[in-house]
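What follows is a pair of complexes built around chain A, which joins chain B in one and chain C in the other.
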Partner chain A sequence: MTYLGDVFALARKDLLLELRSRDTVPAMLLFVVSTLVVFHFALPSDASATAETGLLWVALLFTALLGLVRAFVAEREERVLDGLVLAPCDRSAIWLGKVIGVVAFLVAAEVVALPAYALFFRPVGWELVAAVALADLGLAAVGTLLAAMAAAGRARELLLPVLFLPLVIPIVVGGVGASATDDPGRYLAFLGLYDAVFAILSWASFEYVVTE
Partner chain B sequence: MITARRLGRDFGLKRVLRDVDFEVPHGGFLLVTGPNGSGKSTLLSLCAGLLAPTAGELAVEADRGEIGYLAHEPLVYRELTALENLDLYGRLYRVPERRERIGMLLERFGLWEARRERVASLSRGTAQRLALCRALLHDPRLLLLDEPYSGLDHAGARLLDDELDSLVGERTFVVATHAPQRVEALATAALSLA
Partner chain C sequence: MSTSLRNNEHVVLAAAAGCLLLAGTSLAFYWVPNAPVEGFRQRIFYFHVPIALTAYACFGCAAWKAYRLLWTRERRYDLESYTAVHMGVIFGILTLVTGSIWARTSWGHWWVWGSRQLVLFLVLFLFYAAYFMLRYSVEPGPRRANMSAVYTLFGVALIPISFLAIRLAEDLVHPVVFTHDVQNRLTGSQLLTFLVCLAGMLALAGSLYANELTGKRLDARLRELREALQ
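Here is the complex of A and B:
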């Protein structure tokens, strides 16, 4: 219970910070909607379902990246991460609290992005919603670990995309597969497996990322 | 409580600390002085466990939760209020009777009226008082204070003097400062970094 109490206190803090500063979610919303508008005009009217779905996933991926770049800004300012790392709580609680915050920001962006996709391209089926939900977990799990790693470095804005994009290629494969093929179950299971493996790896390795 | 033998720390090619030896027993008070860039803050970060030595040995007989660390920065969220910051740290540091302890510290450091103000709107001195509250919140056995008087006005400095007076001998201190005259009467040992 103490561990979960720490996690929820840290997640609540992230949501409170965003409610007050409104730095991240509005930028993510604006980015994802404007990207879908650009794709709407860039694609030919007879484009395939796979192409349209693929572009949605590209938009979601870069929206997630936008949020992750800012994930540890509040901790980097005033060196708050040092204060958190010194606390006697399990350090993985810092990661899990941050993951919950990132997932909440992604969901907020997708609540607008999916209806916009339905408006500009094609109806959204349950397979796409399920794939996006599973992808959010994977993106947040891997992205939060890498954002913490990048926050410690000097070229953090460059480092995060370089580390993040290759690692989330399986999410794009699984997401497009689940939403544009006749066998979504197989791809959803693949996304679930990716989430489980990378969540465990990220949870276990976070301590080594934030300490020397 | 702290023993350092030929302690060294490099950042890339830059050597910040070299062959530092000292010992601080339980209840001791080590005063660390030296010019800018001499490694005072690095030494405190090493003692806190935030950095690892690149040479020599450092033994600190205190767990993470027993260390109170005051850095140059207040280590608090700018967009949270003083109360919210202390409540978060109180939870993470497992402070018993958290609300009472926070209220007592806010009163003692003259922050009660400002408790619901965001840190971003606080003056440098008020933020430093909040940082002191944060460092003392969990009643640590070992206090690592980096320029504790920085930004404090006369009244704030007096409050800190009183706090140090009440804790000295019971707690172990490592204090790095440019103004050693303020605490040298309390010090049991001194370390001058070149």
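Here is the complex of A and C:
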């Protein structure tokens, strides 16, 4: 099989698994909506647009974290990763397939989260949608690699947030900047730069994380 | 072991660090004239900035060792990279402390979000503190070495990206000393003091690194021997 064939087979496996078991996405949806409701009560009634946008980004970040913690659970419990590493395919294809799956989950969560945000707080502009799309790629790229690392550790549910949050601070800066300032272009470009740098790094280094 | 410094080299490095730091401290306190705007408190610059640069040097060194580990797959680079991160975190904490003192004397607050360097070091501190969590949570072995190395390499990519992010997010509050603005440029005596302090801090970091590396190697060797005996 070609490289892309491997990638799509792996992504298809993840999506099918989710479609049949419905483990992760419903939880992400409920989580993001309940977080938004919590934020409504956490914010003062005269909160600024920037504060509300910031909280939306916090909600998205933690929703992504929720999905990522689950990303390698099946691989770990059924020892799939050992088999995949032995399979005659490029190891980075495993990463890319997983990233596609994670992005699909994130998009599914945001398809609900953004309208909910528009309903509860304020209308959603194109800048916010563009920023969320770019942020998804970065979150999935970095998160998948770190989730693979954390899956090898003892306290993986604890380890992943600790590894993940310092690395995605720039995404929050870019996302909030793009959706709350008058000049979204710079921030969107920054998000693009972040995606490119960390996607290339993760793609190149995934092999070392899963092999000895 | 072939790469570890011999004992007398440790002593020479430590002595050099001691002399340079003593000289730097005396120069900073007794020789350099007061800065025009900031006055006496500007002298913390001769400690804060060299410490920060030394921390960067440690992180850079750690990333280089990590890269060598992935490239050559030689086990010794794992401990070397780990030790360099360890030193970097120590100097990073010192940067936060000295920066905090400077912020207090300059702006009246212990913590200023407008100070880019401080925020950057906070992010880096969180990032590299998680490195220790990763190491402690994964079983020792080649896979842990690889993961630690990949994580360290992410660190060097994160430094410029975070810097850019903080720059995008912030206003300008931190005094920028290396500018082309004539009034703010370092004078000859200031530059000399700064360089002596920087050399002292680098020598100190090198000396601590060599000592810590020896200790960690002994530790690892001891553990191997203990396992062999059981």
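Keep this in mind: the second predicted complex is superposed on the first by the 211 of 212 C-alpha atoms of A that agree within 3 Å, B and C clash if a C-alpha of one lies under 4 Å from a C-alpha of the other, contacts with A are read in each partner's own complex, and residues count from 1 in each chain.
Note that in this section a residue touches a chain if its C-beta (ideal position, glycine included) is under 8 Å from a C-beta of that chain, and two chains touch if they have at least 3 such contacts.
Just so it is clear, the structure is predicted and the values come from calculations on it, not from any experiment.
Undergrad: Which partner does A:V107 reach: the first (chain B), the second (chain C), both, or neither?
TA: After superposing on A, A:V107 lies clear of both chain B and chain C.
Undergrad: Identify the partner contact of A:A9: answer first if only chain B is touched, second if only chain C is, both if each is, neither if none is.
TA: first
Undergrad: Once chain A of both complexes is superposed, is A:A74 in touch with chain B (first), chain C (second), both, or neither?
TA: So A:A74 only meets chain B here.
Undergrad: State whether A:V129 touches chain B only (first), chain C only (second), both chains, or neither.
TA: Neither partner.
Undergrad: Return first, second, both or neither, reflecting whether A:L17 touches chain B, chain C, both chains, or no partner chain.
TA: Once the two structures are laid over each other on A, A:L17 reaches chain B alone.
Undergrad: Name the chain, either chain B or chain C, that contacts more residues of chain A.
TA: C
Undergrad: With both complexes overlaid on chain A, does A:A87 touch chain B (first), chain C (second), both or neither?
TA: first
Undergrad: Considering only touches as defined above, state whether A:V209 meets chain B (first), chain C (second), both or neither.
TA: second
Undergrad: May I ask you to decide whether A:A49 touches chain B, chain C, both, or neither, giving the answer as first, second, both or neither?
TA: neither
Undergrad: In the superposed view, which residues of chain A touch chain B and also chain C?
TA: 211-212
Undergrad: Sort out for me which residues of chain A touch chain B in the complex.
TA: So the residues of chain A in touch with chain B come to 2, 5-6, 9-10, 13, 16-17, 20-21, 74, 77-80, 82-89, 211-212.
Undergrad: For chain C, which residues count as touching chain A in their complex?
TA: Touching chain A from chain C are residues 70, 123, 126-127, 130, 133-134, 137-139, 141-144, 146-147, 149-151, 153-154, 157-158, 161-162, 164-166, 168-169.
Undergrad: Going by the contact rule set out above, which residues of chain B touch chain A in the complex?
TA: 45, 48-52, 63-65, 67, 69, 71, 73-80, 84, 88-89, 91-94, 118, 134
Undergrad: Chain C touches which residues of chain A in the complex?
TA: Chain A reaches chain C through residues 145, 149-150, 152-156, 159, 162-163, 165-167, 169-170, 173-174, 177, 186-187, 190, 193-194, 197-198, 201, 205, 208-209, 211-212.
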